[in-house]
Each structure stands twice: as C-alpha cells, then as structure tokens.
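The next part holds the structures, each set out as structure tokens.
Presented sequentially are two complexes of chain A, the first with chain B as partner and the second with chain C.
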Partner chain A sequence: MGGGPPPSVSLSLFVKEIVVEKNDFKVVNKRVLKMDSLGLACGEPVFTDDVDINGMLYGRILWSPYAHARITKIDTKEAEKVPGVKAVLTYKNVPRVPHTTAGQGYPEPSPYDTYILDNKVRFVGDRVAAVAAETPEAAEAALKLIKTEYEILPAVFDTFEAMKDGAPVIHDEKDAKNIPDARHNIAAKFEFEVKNGEWFKDADFVIEHSYKMPYLQHCAIEPHIVITCFDPFGRLVIRTSTQVPFHVRRIVAQALKLPVKKIRVIKPRIGGGFGSKQEVLLEDIAAALSLKTGKPVKIEYTRKETFISSRTRHPSTVRLKTGFKKDGTITDAEMDIVLNTGAYGSHALTVMMCSGSHTIPFYKVKNNIKFLGRSVYTNLPVAGAYRGYGATQGFFAWESQMDIMAAKIGMDPVEFRKMNYIRLGEGSPVFKAMGEGREGVEQVITSIGLYEGIEKGLKAINWRAKKEKNKGGKGVLRRGLGMACMMQGSGIPEVDMASATIKMNEDGSFNLMVGATDLGTGSDTILAQIAAEVLGVKAEDFIVYSSDTDLTPFDVGAYASSTTFISGNAVKKTAEKVREMIIAVAAKILDRKKEDLRLEGGKVVANDGAACGLSEVANTSLYYYDQHQIIASASHYAHTSPPPFAANFAEVEVDTGTGKIKILDYVSCVDCGTAINPELAEGQNDGAVLNGIGHTLSEELEFSSNGTPLNASFRRYKIFNTLDMPPIKTFLIPTFEPNGPFGAKSVSEIGINGPLPAVANALYDAVGVRLFDSPFTPEKVLAAIKKAGKK
Partner chain B sequence: MPPIVVKPPTLQALWRSLPSFGGARRYLAGGTDLVAGANAAPAGVKARPKGGSFDRTEVWVDISGLKELRGIKETKTSLMIGAGAKIAELEASPLVRRWLPVLSAAIPHFASPSLRNMATIGGNAANASPCADAVCALCAEKAQVLLEFKGKRRKLALPALFKGPKKTVLRKDELIVAFEVPKWKHSGAYLKLGPRSYFGISKAAVAAALEMDGEKVRSVCIALASVAPVPLLAVKTANYLCGRMLNEENARTAAALVKTEVSPITDVRSEAGYRREMCGVLLERALNSIASGVSGIN
Partner chain C sequence: MLNAIFKLKCTVNGVKIERDLDSSRTLLEFIRVDLGLKGTKEGCGEGECGSCLVLVDGKAVNSCLMMAVQLQGRELTTIEGLKGREGGLHPLQKTFMEEGAVQCGFCIPGAIIAAEALLRENPRATSEDIKRGLTGNFCRCTGYEKILSAVEKSKSCR
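Here is the complex of A and B:
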C-alpha cells in the first residue's frame, strides 16, 4: 500500500482546529428548511408565467428551416393582416447591434456575433422573424403567412471541416467583433505552454487518446420564458426566468440601444437553469415586440424550442497526450480541445478555458504542459454554459487517461491519483495563465479534503472486497469498479462581484436584499443562514428578496459556482457592518463598552450578562435616540477561486449479451468546505451526479445530414429519472476554506464531472473495453466488447 | 384538441349519429397518443408525431363512455377484454394474471403508471405502433381482435390487424370493440430492451408464450416489437421449437433462427444490426427463463 496520508498533516491539524469553531455554528452548517419550499410544493404562483397582465400579447418566433442561408426576400404584409396581430419584426425593423447572448461580466469575453434578427440564418432553429398577437393562435397563423425566400448556402457541421481553408464562413458579416479567425470559423482560440526541457524526454511511456462528447441539453423543468411590460413611468419591465438579471439589463440595453435606467429586470422563482439561463435568450426579442406595440408581451419556449433554439453543452473532442514514468510521475501533458460552439460563440472562449484551467492543475505535471483550445462555429444549435462548464469535457479525458496510465505501469489507479493530485499550499502555472477572458489569478490551494474523500469513498463502496470478488468474472453479467477525482472553482477570481444590503426592522427582523439569483438552488436560504450566523439570530428572521435590478444591489448572477462563495462573502460582510451598527446602539442602551458586547440568541449580550433584545435596539434607532435606519451594504470580489474537490466511485454491472450498463452503486464524496446547508448541498450533488449519469448512459442530441435535430423532445431524448437512479450516496467531507464565508466553497457543478470517467473506468474494469465517446449506449458497449473479443 | 369532440352514450347511438359528424373523424379513447400528438403539433416548430398529423377541422368521437367496450370477462375457452379496458385495469385483473402471463410480464414495461391509468388496450392496438408492448404481448397470447361497424362484426387474428407503422386494416369508422384471448396452459416471458429503466420505447422486445407437453414443447407463440414495420410473429422459429425439448441448445438455435425472421431498421432509437442481434439474445433469455420456471424477468 503506497499512498498513506499525504504530506499535508498540517492541513489535518488545521481542520481539527477549525472543527472546534465549526461546532459552535448556530445556523450555518445546519439543515435549515429551504425558505421557499412550502410555497413551491403548494403551487403558489411564483414563477414567471404565473401572472396575468391586462392586454398581454403572445410572442412567437419563426425559425429557420435551413442550416445556413441568406434571406433574400421577406414579406410580412399578409402576416400583419391577420386579425389580432400587433407587430411583425424582421431584421429590417429592429436595431442591428452585434452583441453576445452570454450573460457574463462586462466586457464579455464571448465574440459579438449575434443580432436580434439578421438577414442570415446559421442553423436549423435560428431566428427569422417574430410576431406579437392577441392570441397564440393568431401569432401562429401570422408566422405561417410570412413569405421568406432564401439563398441556401453550403453548411458545415463538423468542427474539423469548419476549420479548413475554403469551408463555408458562418460569420462573414463585417460588423461582428472579437472573432479571432472568422474565415476558419474559429470563435475562440487559446494556446499556452510551460516548457522545462525537451518534450517527453523523461517519460517512460507516452499515451495519446481522443475523447468525445456530443450535444447535450440542460432539460430544466421550467422552459425559457419572459414577460415584458411597462411600468407607470414608461420604463421597460422584464420579468424573466434568468440566472443573470443584471447582465440581462445591460445586454438588452445594448441590443435595443436603450439607456440602462429605462429597464428593470425582475427574476421570480426559477424552475432550474443549469447554465441554459446564463443567457439573454428571449428578453431582447420580447422587449423589441413590447417597444413596437407598447403592450406587454409574453414569450415561452416549447420543449422542442428549448432543445433546438436555446443552448446546449459544447460538444467536444479532447486529445490528451501524457508522458509518465514507471514510478508514477507524470512528466508531460499536452491537451488539445476542440469545442463545437454551434452557430454563435456564446461562452466560446470561457468554456474552452475552463476545460483546461479546472483540469490541468489538478495533477502535478513535472516538466512540460501544453494547452491548445479552439471553439469552432458550425451550422448547428448554439452551445453555451452548462453545469461543469468545460471541466466535464476535460475530466472525461483526464480521468479516463489516469486509469490508462496507471494500468500501463501496473499501479493501483487510486494510489496513482493519490500520488499526483495537488496538495495544500501548492499552486500551478495554469491558474495564472488561464483566466476567463483575461489573465488568470495566481493561487495556491488553501483547503483540500480529497484524501479523506477518497478514503471515505473506498470504504463506502467497499472497493477492496468487491475488487477481490469481481476478479476473473465470467458469465454474461460482469461487474466492475471505477473511480474518478475532480475539482471545479468557486466563482471567477477578480471578475465576479456580488453585493448585499441588510435593513433592520422594529421587531428585530431584517430585510436581506441580494442580487444573487436563486434558481431553485436554495441560495436565498443559505445567504440568510450566513447573515443569521453573524447576527446571532435565526434564518427565518430574514426576509430575503433577491434579483431585482431596481431593488437589490448588483450581483453577476448564478454561475461559475460562485453564489455561496462570492455572494455569501458579500452577505457576511454586510451582516458584520450591521452588527457594528447594532452594537453601537446597544452600547448606549446598556451603557457598556462596544468591545464587551456580542450578538447572541436574538439579543445583544454584554460580558457581564446584561442584555437587550434586538427589537429594543431597532426601536431605539428608529424612534428614540439619535434616530437612524440600521442598514448597510457591502460587496465582495475574490482574488482566488478555491476549488472544491470530489472523489467519485461507481460499481457497474455490464450485460455482455446486450451491452447494457447498469450502475449498481454510486458514491460521491465532496469537499465543499463548510456546507452552509448540508441538506441542500447533498441535494445539489445528488442532482449533479444523476445529470452526469444521463450524460454517461443515454443523452445525445442527434441531427440529420442537413442539420435538423432528430430527437428534440422528451419522447426521444432520454434523461434519467427516479427509477433509473442508482443508489447515489453523497458524503460531504468537511474542510475549512479560509477565504470562504464560514469556510465554505462551491458545490453546485463539480458533481456532474464524475460519472462519465468513473463509469468508463468501471466498464473497463468489468469487461476490459474502453469507450472514448459518450454516451455509453448498449449498442456501443456491445460493439466494443465484440471488437475486443475478435482481437 | 379540435373544437368538436362528441361523446355518444352507447354503441348504438354512435352508429346512428356517425354520419352527422362531418368528413374527417377519429376515435378518442384514452387519448394518450391522440391528445399528446395534437398537443405537440401547434408548437411553432413543425412537429408532428409520425402519422398523427393533426387537422383542426376533424371531429373526435370520444368512445370512453361506451359501456360495450368495457370490462374483462371470462368464458369457457377465452378471456374477452373490452377495447376500452385501461392498461391499469389489466394490471390489476386477477383473470389477466391467471391466464395471460406474457401480457402480465409486459405491462410493467408499458409507458408509465400515469399513462397506464389513461391508455386503453384498444387504443394501443389502433395506434398500430410496431413498438407497442401490450399489443406485442397479446400477439404472443394468440389473441384475436373483434372489429365492428354499424353492428356488423368481424374477427381477425391480432397480427393481421396491422399493415405497417401506424397503419391498420380498419375500414373507415370501423371500431375495435374487444380482444378474445384463448385460455391455454402456458408460461410466458416478455423481455424488453429500452433506453432506460422504464418509460421508454423499446429498441427491441420479445414476447414468448409456451405450453409444454412433458419435456417437449406442445405449442409456442413468439412475437417481437420494434424490429419490423408491424408487431411480428416469428412463425418459423415457433415451428422449429414445436415438438422439441426446451433446453439451452434448442434455445440457442431458436435465437439464431429468429434473427432471420426480423427486419429491423436503424433509427434514432437504435441500429438495425444491434436490434437483430438483440432479438436472438432476448429470445434465448426468454426461453431459458421459461425453462427455469421464472417468467417475465428482465
């Protein structure tokens, strides 16, 4: 047995020390009830669609039937004559402003290659025109009467074909911005090398493989939906299912040439996002229809539209070439990723960067590192943000290859990982080199519970005993075990910013106003827990209002696993300011020194036992003495992005007759620092794992030879559901992240990265075949088994 | 749904009033194919389920109120299953459990519990999908189907109802009223390979019903789903098995034989070659499971 505790004993001591403090938590790290859960379970009207506005029109969009074509003629006269139709928009009557739909910090690192409407269509399902009418039926009828003539252009669907000289140029428009090489359809490109001597010189072995993932859709329960209307002052109000309300405000202002002050964005409750709603997808066109008609407009995607005309995961080809020594040292790593960004470059650069920046630093590479990333336009649906954000694609390659390398040198794959993963206090040149649109930030690991996670997982899945039992398996059903380790980030360092405001009320309750965007994730609840912990009250003493650009302070939104870490820190700072204000008032009431006072159990308590209730403090400040509102705001942005770590273990049973893989057991151990709400953290991870299992065994969006999606419905695109759910066990491995609020790191994305490599490795363990392209359908598995048998 | 849906109270009233319902008309039973198909149609994107194109001017004739189509009755030689019987009723029926082992094994694979509460066995047949689990199972049970038009009845072997995907031999306005399934002392199995644990259309499925005479097979019926344009009876394979011992070797030969009888296609759900192969694997497993006395495992 190699391995043993890594040379980070000091970490363990550090953790132990903190554990004492952790045990003192009153609200944080507790299973507090999600504050909107009862209302949601009882069907309260809280979603975007749950309001009726007088005179609301129904918006519908005409979609391109061609993968690549220029609109030579578009005639809307007949459509406009349909009774009830109030507006028909084409590229001729909307502003032409190149922008990106990616809801990212300004200036967005994605190319400006999108228009509200254009005279060119770039995939089957691209926007051609839009209609607003008094009834959905009238809108549908009008769509059919829009007469469009197209000049059909040659289309390209393969990324490698698209990069060739002479390939159809998808973005030939002159006014697009920040496309590095439009002629070769390259939407984003990045190269990076660390060179310490000759490539592969020290390596005993060199291995190279390519790993592929297909088009995948998020399948959030609530489809994309927006309602635009006007307030009494004629300002545009956008009620929308979004992860990024503040970016929506800015990008809609940009695309429609409106001042930001003319727009208010409200995010109600959201039925899931998973990245698909980090996107300004419908708000611009609904707003354009409202501006044209002066009326409220609603647009809601059907499920089919969600599959085709929203966003997807970037299909990927990762070529990974690694050199390593017999003793388990990894000497060289060359990672070359080609992403298919589809017709537009939303998140084209940043997903590609994260595929490297979240994976390469994870294992120590002694000598040389090279990364080449390209995001390539094709005439297929638009890729965007999707939980895991490139790391999913990257870890499939890395964690499969780790097993291949370990097998080559006859080392236990678990020990091989233990030997090489990044340790406490260690950094990587990659952190600095690879940022998201600008240079990255140098950082070292300040908390890691991976060793404990691996040990816990081995025990929970009964790794050693099962390995022994499965040896030399015969018969039709074969069992195997596989594991994978991974990390993610916690927000984008020196890019993401969040802020909060806390206001005190007479009864000692507080309003917490945050820009942070609860998508069903529970962030409203955990942010209240953080504030409550600071102020010595209960989470339910907070009335949380989130994500309204008029009423809450700024937050970049819910993405990049940032909310707990970035918004949580902003809330903590705000609460600390309020605490000072409360203590200042209480010091007068109690006639004690401020430094002798603390907040506890809803009171201000002095060291000598004197105390006064928070309502007394509030009433004093509001009505009796030196009157003022106890209120504070604070912002947070971080200089590091402390990675959460995870170790995943899968036991599979492979039916060698049918090729069907059944996951018998799945263990996921996650170090997310302090789990602010363990129940919600576990739920996030369980969901991420099941999402990843769907990627692994079933999901793939398929296309005909002319680029038409073939399975854009739940009838044909199978996501896994409760009955498919293997016994997933999530274990939270507590560590204390010094830069996080009460030691917290992120938890939302990391879990999706595990199933694909863990199951790939388990499949190999069971039947000795390895698949390099997902999903691992019975057809592919059986073909691989047969191929291996013939050799 | 179209603007006009009529609901006759009795079969007689249906036949009487039918001519007044205008040109295009269609029967509505459980609605799980018809309504879902129609709902998918006005999506803005051209989306219509195969063969289920939706014409807003057509009249739907709701037959869910017809008592004549209800119930599961036992006669001396057979079970009479009303076309309006819900799949969930079949699932709960002691008669079905006692006499129809293949159908009993197939029902858990039929869509989802909520769809089984709505869907009818008649609708499942009328929809004429080659993937229909309950229909495939009934074919193996040697079911006959009873059709009626204005009081005139005819009876067909169930497989003869189907002409192709979504196509039947039903004449205009002819209605499926019942299924007559013989009572015979057989064991059965239904094995399905789908895209996930449940609620998915099969890549391939095999239904096998088998009556033994001592060590030898007295009578056998094998039906397959999703591997031909219609629910398919594997006649050659059944003939081969008849009179032979039910052992592993014969099961293997039957498996090889059944692969020559099917004509699967490659589509979004699976590949032709894989499907053909699976017919063999599933049949072999079905026969072996029956031989070992376990029916309907998957």
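Here is the complex of A and C:
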C-alpha cells in the first residue's frame, strides 16, 4: 500500500482532517518571549528557597530503615535535649486523619491510606518522625538520638505476590478509607467491557504479550521544598514548590484539622515538577512543625530523599491480547494492567484508568473490548503522577503490539496504523466508560492532524529511503527504523475547573490573576497571550500573578495537560468580559454605538476611524465618569477533553557486539491544535521526548532484596545529558480545535509516550529482537540477540 | 560542633571582600547563605547536576564540592556577576531568553556559567565542543535543544 488517504474512510472525511481556520492572530500563535525568563536567566531570587526568613527553623525527617515494620517504642527525650531543637514529632503528637497526598479534585479518587505520621512504616524511606531545630546540624543530631524499636513485619515487593491470599497486608489499619481490597493489597480496581459478540470469533490471529516498565523518578532539578510561616493574623502561610496550590490548602486543612481560611498557599517559581509536585509531600509535616513551635520552618529534600521519599512513575505490567484480521481490522482487545503503587495509593486509580482510557480509543476495535486494571500496594516507594500518567505505560504496550500485528499480516506498520486510528467525528465507548476515577464523558474527535503528522515525520526522517538502505543489514552495527503514534487528553472533562480575574490599570495595563500553576512550562506567558489577543494589546501589557490561594481565583492546578485548554478558556472568557466593559466606557467617550467599536493595537477603534486609547478608558472609569473598576472574573469547566495527537519516529544503530542502542535521529510530530506559543510548545515536546528516551535506554530505580533503593543519586540513576542526547526534531502540526482557546489543545505530556515503543520497534527492525521490559540496556539487548541467535 | 573561624579575603563579582567564615562552609553555602546571592542553585549537592556552577578565577566549578576557604585570594563570579559589554544583559542571558531555552529556569544559571567558561576559553567552540562543555549540566525541561542553540547563537554577539 502506498501513501495517500487511508482506505477505510471516505475522501471527504479525510480532507476535513486538517481543520486549520485561516487565522490572523496578532499575539497568539506567535513567539512571545517567556515573561519570567529574564529573571530566571539572571538568577533573581524567585524560587521557594530564595528568601531569608528571620527565626526560621530547619525541619528534618527520620526515615524508616525497614520495608515493613511496626513501631513498638519511640523515645524522643534525648533528641529534644539537643541545643536548638524546638520540636520533635511522632505519630503520638500529630493528628491522625486518614487522607491522600494526591493533589486531585475533591473528593479525591485515591484511597485515604496516609497519615502525617503513623505507628507503622511501609517502605524503606517512609516517615518515622520529624524534627525542627535552629540549625540543620542540630536537627540532624536530634534525628540520631530518636530511639525507635521496631517489630519487623514480612514485606512484599512484587505486585502479583502481594495480591495472593496470605500475603503481608500493608494497609491493615482500621481507619483507612476507600481501599477496595486491603487484604489482597489492592489499592484500586477497575473493570470495563464492551461485548458485541463472541470473543476473538472474527479474528484471523490472536496475539498476547506482557510489557513491563520499572520504577522511574521525575528528577526535577529543584528538589521538593517548602517553607511554612505565619502572617500577621496568625494564619499559616505555606510557600511551596507545588503544582497544586489549592489542593495543598484543602489537604493540609484536612490532615491538620484546620479551617481552610487559616491557610494561605503561595507558589513561587517552580523548578520543574513533571507530576512529582502534584502531591502534598512536605507541606503537612512542615505545617505541623510550625504549629508546634510557632516558628517558620523550612524542609528541603536532598537529592537522595527526592529519589526515595517523593513520588515515582507507577511500575507496570500490561498484558495486551489483541485479535485482528488479515485485512488489518482489529476485532478484539483485552488489556489487563497491574500497577505497583508502592506503599500508598497516591493516584492509584486514576493512573491505572488513564492507561486504558488514553490508549484503547486510539484505534478502532470492531467487536469486543475488555479492560481490567489493578493498582497494588507493595513495600516500595510511593508512585504518583508522572508526565504521561498511565498513557506512557499503555502506549508502550499498544504501539509495540501494533508493529507485531502488522508484521503478522504482512502489512506496513505505518499503513496499519493509518488504517485504524480514530478519525475526525468518531467517538469510542471507552470515552464514556472510563474517566479519571469515575465514569467518563462521551465525546467525538473534533480536531486531528495525525495523517499530516505521520507524513511529515516519514519525510523528516527519510523513512522510505532509509528502509531500503537498511535492508539485509550485515556487520556489527545494524540500523533500524521504528515509529509510534499516540494521543493524550486536554484536562479532565467535567472534573477540572479553572478561573481567572483581569483588572485594568490607569496606563491601560492589566493585572491577570490566575489560579493556574506555572511550574516552568510558560503558562503565565501563554495565558497573557490569550488575554492580549482578546483585548487587542500586547502580552507585555499583562502583569501576571499566579497561584496564591489568597489572591488568585481557584484552579485545580497544573496536571492532566489541562492548563492551556481549561485555564486558557477561563482567561479568554474573562478577557471577553473585560472587553465588553472597556467598550461600554469607550462608547461614552467616543459617543459611538457599542457594536461599532472594537479593540485593536492598544486602542478602542470605531468603524468610522474614531479612536481612544486604553489609558483614557481606564482613567475615565477610575476618575471621571460613572466611576468603577474595570475588572472581571470567569471560570471554565469543559465537557470534552480533545486529545492532542502525535507521531514519533526513531532511527537507531544497534551494536550487536555490545548490545548498545544509539539513537541516530528522533522526529516527533505533534498536533496540539493552535500552538499559543510555538517556541514554548516545541520546548515542552523536546523535553518530554528526551525524558522518554531516558526511560527507554537508561532509567530505572533499583532495589535490594530487602527493598532498599540502590541507585538513589544522579551518579547512579542515569538521566540524559548533552552528550547522550540524540538529535530531536519537534514539528508542530497545526489544527484548529473548536473547543479550545483560539483552537488550542494540550502539548505537555504526549511526547513522553513515544520513545519507548518507537525505539522498541526500531530495535526490532534493526536486529529482529523485541524487548518487552524497559529500559533497553545493552545487557538486555545483547542477551536477546544471543537468545535469538540460538534458536 | 564549633568550627574554626577563617578570615577569607577574595573578590566576589568584581568587589573585594573580607569575611569571617565558618571553615566548614562549602562554597555553595557561602554564596547562598553568607553572601545572600540566590542565583546559584543546589540540585544535588554531589557535583552531578551542575546547578551550582560558578566561576573561580574564570574556571567553572561545582560550588557544592568546593570549600569556601579555598576561595582565599581568588576571584568568584556568580550568575549575578555576569554582565554584558555596557553593563547590561550578558549575551548568553539574552540568547537563552530569545531561543526559549529557559523553561523552569532552575538549571539555567549553572548552564550559562558553564557556557561562559567554555566560550571564554574557546570563543569559536564548535557545536560538539558546546555539547561537551555543557555535559555537566542537567536539564529535565528542555531536552537541551534550545539551550545548545542559545549558546551557539551567543558566540556571534560576545
């Protein structure tokens, strides 16, 4: 089969696929300078740790040396005597409130299985006690003097072992809530089936494989950090490196039994999160120390603590069984995912559901679909949100299996995908059946540029010519090509909500206050661009302030690829309200009808050419006539989650002597609708792809047989540097999403899903061996090559 | 835990200073705590990530691995001390902004210092030299593409 439109759809439907409305955007879809980049490039003190607070105490946490144990005795007397020590906390003197640390909408879909401190420890690196002291040295000395006796319990590290009858029960506490089957360590479970006939009846072939991913850490370069202090009214102020300031306020209030009104959460600049900061990780314990001492307290993780005691990606085993016909029709799909959620069930249900809800609808399955998901407790570090959020685990399986299926029927893998991916106007029963933690929302695809993305990628990597050249490769170094396609979402439909406020100033500038949380992504900038586009001004005319629970309106925070789509729509609506208010004032100044006025170039302009400046409008409203503040707020809540789509391509060279895979070229084509700021969108994708390449070739957090992490440092957990990186080319494929602000969809997560399957497929193309568990280290590749050679 | 007090004389960002110093201080602690210069970051504390890079006598060093007392008689330049020709923005700071190389920005002061050390020594650094020169600076946001192009672009405006 050659290029051209996929055979399974009518030409007219295909032609509509790229729906780029002719646009004449002035600010949106332009390379506007990221507004915080000047301060950041100059090293201005903008991060959580960059303030000096008088009388601040240093908080330190005592970590469990055991994977599973009960604290039988804990004596803090000696620790309290250390000069400078102001407080020592154990489970005995903090409130016991079961809660989740997952920063999600309320009521959270994660089980309430966590306590500020408990009399039981559930992994090596779990909290035992906390100290606040005048110096870090005093705090560390005190930790050593806490006398703890443990009853060591049998531990379990494997999810399948943990589900067996008689396995150690990790959450045997009576007051935990929403654990579906604590006795079998099941933190979350979800099943779903669409049945249109007998299973695999129409299939010419049935293929089944299991795909595994290990413990992976986010490695944001800024470690987790929080400073808690008090305002002049005695309210608790939490300055924290978080993706979810409003959820932090709510969960800290819950855990410490405080009224929400007694807490203010401030998010300064954040040094990267990637999901690890969608979590209440330190805020509760620092707040407890501040409340105990009446003093400001700072807790900052070391890099080692970040690896062990923050959050990780959920290690996964995905069993995928697919039935398909000789003509390329996929008839049946059965996906069974088991996630390791570690000692606590943070994001246990939702990551598991997204592994299916973001992947299964991507290809049309004619007859039957079954999904079974379980998230299982083990005595290992706690998993949580991580860029890709389950879709990464799911697409490794799906996109590897697509190549295996194509090979089985002798079809080109690119054509096989083109034939089967979801089209414009199509839906899937999965959208409705599987949401995040609950039933989803019915939706159809309203924008998709995947066909063009695939074509662009094939050309950019020179697919056809290289395929020809690589044929019958001989020698030690073999080259291969692989590709993978994928989608993600744009926010959680009918769950996520964002809001914004815009206030006009005398000089025609505006304050834009958003709950949306810029964690380094550039969301402050793109939200200003959206507002500026509506109001006919420049992005620089906005002073953006984000994520302060006292001063900005609510937003769920930065996760689920929601900010551009949901917060962006909230900002657009807010700006439209402000535009109406400006026009009302200008109509009086200019003595023209409102409907004859428009905002453009920093002015209000009438159809007949009469005009007035925005500062005149502002001054009139503030000082001269019908005095009022031009200010508005609006919220947005979406009923759909339009997926971005991507096609990724990898060219690899495999050293058959050593097993080393070298990625020679990587091309990633992304349809994110209108890129509000193309440069920032590219940057999001570049970073996501390189993170995914790290997952593919080197990253894995390893453990000893008693659950102790073995490589919790940058020296031993290998992330990619400038010399390791392959050339990565990101191409943005413009489409227009009718539900998005100025046609935009999300872009931040999707790129991380591509490298694992694309490289797995390229490896197979190069040397004819397939790996089902990441990372693809030289040892594994070499062993697979040797095994294949023996057959 | 009393540590010896050390009399440190050195130059910080072009200004000669004298300080009584706790001799157990790392250079990074001295910069962030004693001097209050917050542009230099701690990302790992073990010399792996490069967020704490500073120039000592023009050479890039991980300030978390050097003791402050080793600064005696030497010249320290932090990100706050980098200036352009007329005292304005340094060319690297400008190109990092223009190329969109700044995402979260936490690693950027270190990356700029690494690039500055490299380009002082070799103003005609090739793209391969630049990759090698920045190999000690981890960035988890950008995938490095835009950082490398920012360094490349800055060569022509030094």
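Going forward, the second predicted complex is superposed on the first by the 771 of 791 C-alpha atoms of A that agree within 3 Å, B and C clash if a C-alpha of one lies under 4 Å from a C-alpha of the other, contacts with A are read in each partner's own complex, and residues count from 1 in each chain.
The rule is simple: a residue touches a chain if its C-beta (ideal position, glycine included) is under 8 Å from a C-beta of that chain, and two chains touch if they have at least 3 such contacts.
Everything quoted here is computed from the prediction, not taken from an experiment.
K.L.:
For A:606 in the superposed arrangement: first (chain B), second (chain C), both or neither?
P.N.:
A:606: touches no partner chain.
K.L.:
Under the stated touch criterion, which partner chain does A:67 make contact with: chain B (first), chain C (second), both, or neither?
P.N.:
Once the two structures are laid over each other on A, A:67 reaches no partner at all.
K.L.:
Quick one: is A:721 in contact with chain B, with chain C, with both, or with neither? Answer first, second, both or neither.
P.N.:
A:721: touches chain B and chain C.
K.L.:
Now for A:713: first (chain B), second (chain C), both, or neither, which partner does it touch?
P.N.:
In the superposition, A:713 contacts both chain B and chain C.
K.L.:
Name the chain, either chain B or chain C, that contacts more residues of chain A.
P.N.:
Touching more residues of chain A than the other partner does is C.
K.L.:
Tell me which partner A:143 touches in the superposition: chain B (first), chain C (second), both or neither.
P.N.:
first
K.L.:
Now for A:125: first (chain B), second (chain C), both, or neither, which partner does it touch?
P.N.:
In the superposed model, A:125 contacts chain B only, not chain C.
K.L.:
By the touch definition at the top of the document, which applies to A:308: first (chain B), second (chain C), both, or neither?
P.N.:
Only chain B is touched by A:308; chain C is not.
K.L.:
What is the shared patch of chain A, the residues that chain B and chain C both contact?
P.N.:
In chain A, residues 137, 302, 713, 715, 721, 723 are touched by chain B and also by chain C.
K.L.:
Show which residues of chain A lie in contact with chain C when the two form their complex.
P.N.:
Going by the criterion above, the answer is residues 31, 33-34, 36-47, 49-50, 52, 137, 141, 218-223, 269-272, 274, 302-303, 519-522, 679-680, 682-683, 686-691, 713-715, 719, 721-723, 725, 728, 730.
K.L.:
Tell me, which parts of chain A touch chain B in their complex?
P.N.:
Contacts found on chain A: 60-61, 63, 65, 125, 136-137, 140, 143, 302, 304-305, 308, 657-660, 697-698, 702, 710-713, 715-716, 718, 720-721, 723-724, 778-779, 782-783.
K.L.:
Provide the residue numbers of chain B that touch chain A in the complex, in ascending order.
P.N.:
Going through chain B, the ones touching chain A are 40, 42-47, 49, 193, 195-201, 203, 268-271, 274, 277-278, 281-282, 285.
K.L.:
For a test of understanding, state which residues of chain C touch chain A in their complex under the given definition.
P.N.:
Against chain A, chain C makes touches at 1, 36-46, 48-49, 51, 78-80, 89, 92-93, 96-100, 102-109, 112, 130-132, 134-148.
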